[in-house]
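Two complexes are shown next, each including subunit A; its partner changes from subunit B in the first to subunit C in the second.
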Partner chain A sequence: MADPAASVQVAACGCITPFGDAAATYAALLRGECALRPVAVLGRDGGDEVPLALIPGRSLDETAPPEWLAAVRRLSESIPGGDWGSPGRPVFVTGSNFGVGGLYALRRTGDSSFAAWGAFPTCTERLRAELGWGPDVSIVSHACVSAHLGLLLASRLIWAGVADQALVLSFDFLSPFVAGGFHALKILNSAFPAPYRERESGAIGLGDGAGFAVLARGRGDWTLAGQGLYNEMHHFTANRGDGSGFSQCLAGATAAAQGRRVWFKGHGTGTLDAGRLEVAAAQGAFPGAPIVGWKGSLGHTLGSCGLVELAIAIESVRGGRTPGTAGAGGRAMGESVALESFDNGAFDAVVCASNAFGGAHAAFLLCHA
Partner chain B sequence: MADPLIARLKQLIVDTLRLEDVAPADIPDAEPLIGGGLSLDSIDALELVVRLEKEFGIKIASSEEARRALASVAALAAYVRERGDPARLPT
Partner chain C sequence: MLERHIEALVTDDPGAETPAEGRSRLKGHFPAGATRRMTTLGLMVGNALSELDPGRDDAIVYASGFAESCALESFLDSFPAPSPTLFQTSIHPSAVQQLMIQRQAPVGELLPLSGGSLFAFHALRASLLSPARRVLLCGGEERGTWLLDHGLASDRTYAFAASLVADKTPGALGRVRLDRAEGEGGLGLAAWFDLLRGRTPFAGLIAPGWRMEMEWL
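This part shows the complex of A and B:
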C-alpha cells in the first residue's frame, strides 16, 4: 500500500510555548534557556514545588473562561486560510486534558462556570465558537500521542480525497489537576528533568503548549512520511521491558528514511526506563543519528507535544542548526544522544517520535516535499 | 513474636489493594512486592504509596525511591522505620 502521507504536505505549522512562537522557542532552545520554574503543584493550594513551564502571565490555577484561551486565540491568528470546519476543510482538535482541570476547580470552588470548560465536547464546542469554525470538528485524544494521531487521521482524509486540506490543532495547558496527577505518580517531583541522562532518580517537567499544522494535497514545503502509531496493549503505565513498542512504531519512518541521513527528535521526558528504551530503539533503527529531546527546557506539553515539537523541528531545519538535548546534567544514556546543538545542513530528514501512557507510540519522518 | 510494623504493613497492603484471596500472613517478608507472587503493578504501587504517606507521615520523592521502598515487606518496614513519624509506628 502506498504511504498515505506521501501526497499530503504541511502547508503551515506553528506553535506557542512559554518562550513565544516557534521561532522564539527555537531561538531560546539554541541559547540553552529553560522555561521550567519551580511552582507549587496545587497552585494556590500549595504543595511541593515542581518544575512547570507556564505561558507568561498565566497562573496554574484554573479560571473561567480559561486564561489559556488567549494563547490559543493568538496561535490561531497565524493559521492561514479560513472556513475551517466547513465541508472539505475539517478540523481535528487534539490534546490530552482539554481543560479537565476545570472539573477540579468546580469541585474546589463550587463555581458552575468551570463545568463548561471541563469536558472534551464542551471545551471543544466553546473553542469552535471562539475561533469561528464550522461544525466539521473532530476531537482526538490519545494521551501524549494525540497530536500524531490527529496528523495521521487528517492525512488519511486528504489522501482518500475526502478533504483538500485539514487543520490539526493541539493544545494542553497545565492545571493543579494535571500537575497533581503526575506528582502523585512521583514522576513529577522537585527535581528538574534531565532527558536521556543517567541519574539515580528520574523526573519530568510539565509545560503549557499548543501547536497547529495545516495539511494539504500538493501544497506545502514538508511531508510527514512513514507515519506510524503503535500500541503495546501491555499496561496502563508501563512499557514492555524489551522496548519492542518503541521499535515497532519506528518501522514506517525507518522505511521512509532509506537513503537519507536523519537526526532524531525524541520524546525524552526525563523518566529513566522509558528514556533508556527509547534511546536503544532509536540507536537500533537509525545508527549514528543524533538524538535530541527538548522537554528538559519546555517541559512535557503532553498531548500537544507532537505538534509543538514538529514546529520547532521545522524551525531547526530552516535555521540549519538543531538545539541539543535540554536539561539538567548527567551521563547520556547512549552515544547518539546529542547534548550540544549541532549544524544540520548535512541531514536530509528528521524522525519525530512521541510516546504516551498506555504503551502508545508514534513517529513520522519530516522531510522536504 | 511478630514485628508489629511488619504485621501492620501486610494488613495495610491487603486492605488498600483489596486483595480478596490473600491473608496478611500469606505475604512473605522478603518477596518482591511489585512483579512478585502478589502480581502487584505500578498502579497498585501508586495506591500503596499514597496510603503509606498518609499513614506514616513519610514523603516518597520519586518513582525510583518508591520502587526501592516497595522492594519487599522487609524493605518497606526498614524504609518506614527510617523515614516515618515515630509517633505513628505501631509498637
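This part shows the complex of A and C:
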C-alpha cells in the first residue's frame, strides 16, 4: 500500500557492515571486494561451509553478553542528537534476529546466561538501557522488510506532528539459528550468491549488519517519498509467479518518481525466481533504470538490509558513483542489471526495495531534499 | 489527539486449555487439513482475524511479544538437523501469515510489532496513525514451555482482533483515543487484552506522556 503522506527527511543515516561504516562499505563495494567467507553453518558445532559475512573478530557462536553489542554501541555513537526514547523523540528498533543466537546457545549449552538477550522484548529492553534511551522504544519485526516498516512508522509520527524527530535503528547479527534455518531451506548452501544472474541454481549469502536513520520534518539532506508496502500472502517462501507483488509495491515509488531519472537498488539475494521477477518489475516500472544489488558482497543482512543499503545508497549519491551488482559470475537477468559501477550524476533519485518471507515487499524513493 | 471507533471485536481467552484441546476446538473454523501445521497462536489469531474478514485494503497491525514460542522451541530442539518448516513458522509474523496464505488473501499493509511494558501504546499508536480506512489490530500470545522457564515466553495463551475505523459506523462497539498528557504510565499486551475481553472502560496514562481513553457503547 502506497502511503502518500510518508514523505519525510533523513537528517542522518549510517550503517556498519563487515567492511566498516557506510563510507568504508561503499568504498569496498566500488573496489569489488566481497565480505562473504566460507563458514561452518553451525559455528563450533560444524556442518557445511556456507557464505557468511561476519564483523571482523566476531564468531558465529554466541557469547554472553553478545559480541555484537560492541558493534551496535559503535554505530550508536554516530547517531546525532539525544533524548531518544522520550515522548517527542521515539525510537523504532527493527530487525529479524534480535538476540535469537542466545536461544540457540541456551538450548545447546543449558547456560542460562544466554537467556538475557534472547527474546524481542528482553533484548530491546537491555539495549535501551545500554544506550541510555528513554522508554518510548517500539519493536518492529517483519523478517527482511523490518527496517522499511520502522521507517514508515517513524515517518507517520513526524507527519502527524506527534514527534519532531524519530530514530530507526536496525541490527541483525548472524548465529547458527538463522544460518541453520536458511541452510535447511537449501537456499544457503556452499555456492556464493550471484544476484540477478542466470545460473543453474540459486544461492544466498548472509551478513552481519546494522543501520540507523534519524527522520525529521523539514531538516535533512534527503527525502524518503512514496513509501509502499505489499504482502502477497501466496506462500511462505515463494512469490506469485506473475510478479504482481513486486509491481504492486512499487506503485508509490513510481508515482513519486514522476519526472525524475532513477536508478534501482533492489533486494537481489541470489535466488533465481525472485531475482527474475524483481528485475522484470523494476524494468516495467522504471524503464532504462540501472538495477543494482549488493548482497553478493555483503550477504543478506536480513531485517536490517533496508537501512544498511539505504546508508550505502546515500553514500553512492554523495560519491557520484554507484557500485555495480556484486556477486559470482553469470549472465545478467535483464539488460538493465548493472554489473559494473556507473557514474550517477545524471540521476536524481534512487528506488530502494526489499522483500521478505510471505511475499512481503517494501519500497521507497530516495532523493535530495 | 488520535482516535478510532471500535467496529467489531473478537477475543479468545482459553484459560488452561492445552494446545491439543485448542486445536480440537478451532480446527472446524479452518478448511479440512489446513490446521496440521498451524501453531496454537496461528490458530487463535487466525480464527479471531478471520471473523473480521480481512481484505486487500485493510491495514493489519499484529502485536505479539513472544510470537510463536512453541514453534521456536521445537525449531531449536530440531538442531543439528533444523526443520525448514519450523524455521518458517517460528518467524514473526507467522501467525497472521498462516491464515492469510491459507486464504490466498493479499494485504497492503501488515505491521508486526513486539513489545513490553508500553506494548499497548505502541500497537495503538501504529493503528491510529495508519491511513487505512479500516485497521485490524490483532495479536496475542501462546504459553511457552522451556522458554517460559527462562522468562522468554508468555505464561498465558490468548488472542484478539479488533476492527478500528475512522468514522463511527452503525453498531459500533466503542471508541479508543490517544492524547498527550503529563505523567508516567504503562500498559502491556495482556492487560490491554483484559480490557478488551471485559469491554472495560479505561481512562489513564498508558505510556510516559500519553493517555488512553477507551469507551464502550
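Here is the rule we use: the second predicted complex is superposed on the first by the 362 of 369 C-alpha atoms of A that agree within 3 Å, B and C clash if a C-alpha of one lies under 4 Å from a C-alpha of the other, contacts with A are read in each partner's own complex, and residues count from 1 in each chain.
By definition in this document, contacts are C-beta pairs under 8 Å (C-beta built on N, C-alpha and C of every residue); 3 or more make two chains touch, one makes a residue touch a chain.
These numbers come from a predicted model, not from an experiment.
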| item | value |
| --- | --- |
| Touched partner set for A:A119, first subunit B, second subunit C, both or neither | second |
| First (subunit B), second (subunit C), both or neither touched by A:N189 | first |
| Subunit B or subunit C, by number of subunit A residues touched | C |
| Contacts of A:L106 with subunit B and subunit C, given as first, second, both or neither | second |
| Partner chain in contact with A:P87 - subunit B first, subunit C second, else both or neither | second |
| Touching partner for A:A163 - first (subunit B), second (subunit C), both, neither | neither |
| First (subunit B), second (subunit C), both or neither touched by A:T237 | both |
| First (subunit B), second (subunit C), both or neither touched by A:G202 | first |
| First, second, both or neither for A:L174, with subunit B first and subunit C second | neither |
| Subunit B versus subunit C as contact partner of A:S96, first or second or both or neither | second |
| Subunit A positions touched by subunit B in one structure and by subunit C in the second | 184-186, 235-237 |
| Residues of subunit B defined as touching subunit A within the complex | 41-43, 46, 49-50, 60-66 |
| Residue numbers on subunit A that touch subunit C, as the complex places them | 1, 3-5, 42, 45, 47, 86-88, 96, 103-104, 106-108, 112, 115, 118-122, 124-125, 134-143, 149, 153, 156-157, 160, 162, 176-177, 180-186, 229-237, 245, 248, 357-360 |
| Touching residues (chain side subunit A, partner subunit B) in the complex | 184-187, 189-191, 200-203, 235-238, 271-272 |
| Subunit A-facing residues of subunit C, complex | 2, 57, 59, 65-67, 72, 75-77, 79-84, 87-89, 91-94, 97, 100-101, 103-119, 122, 125-126, 129-132, 147, 150-153, 180, 186, 207-210 |
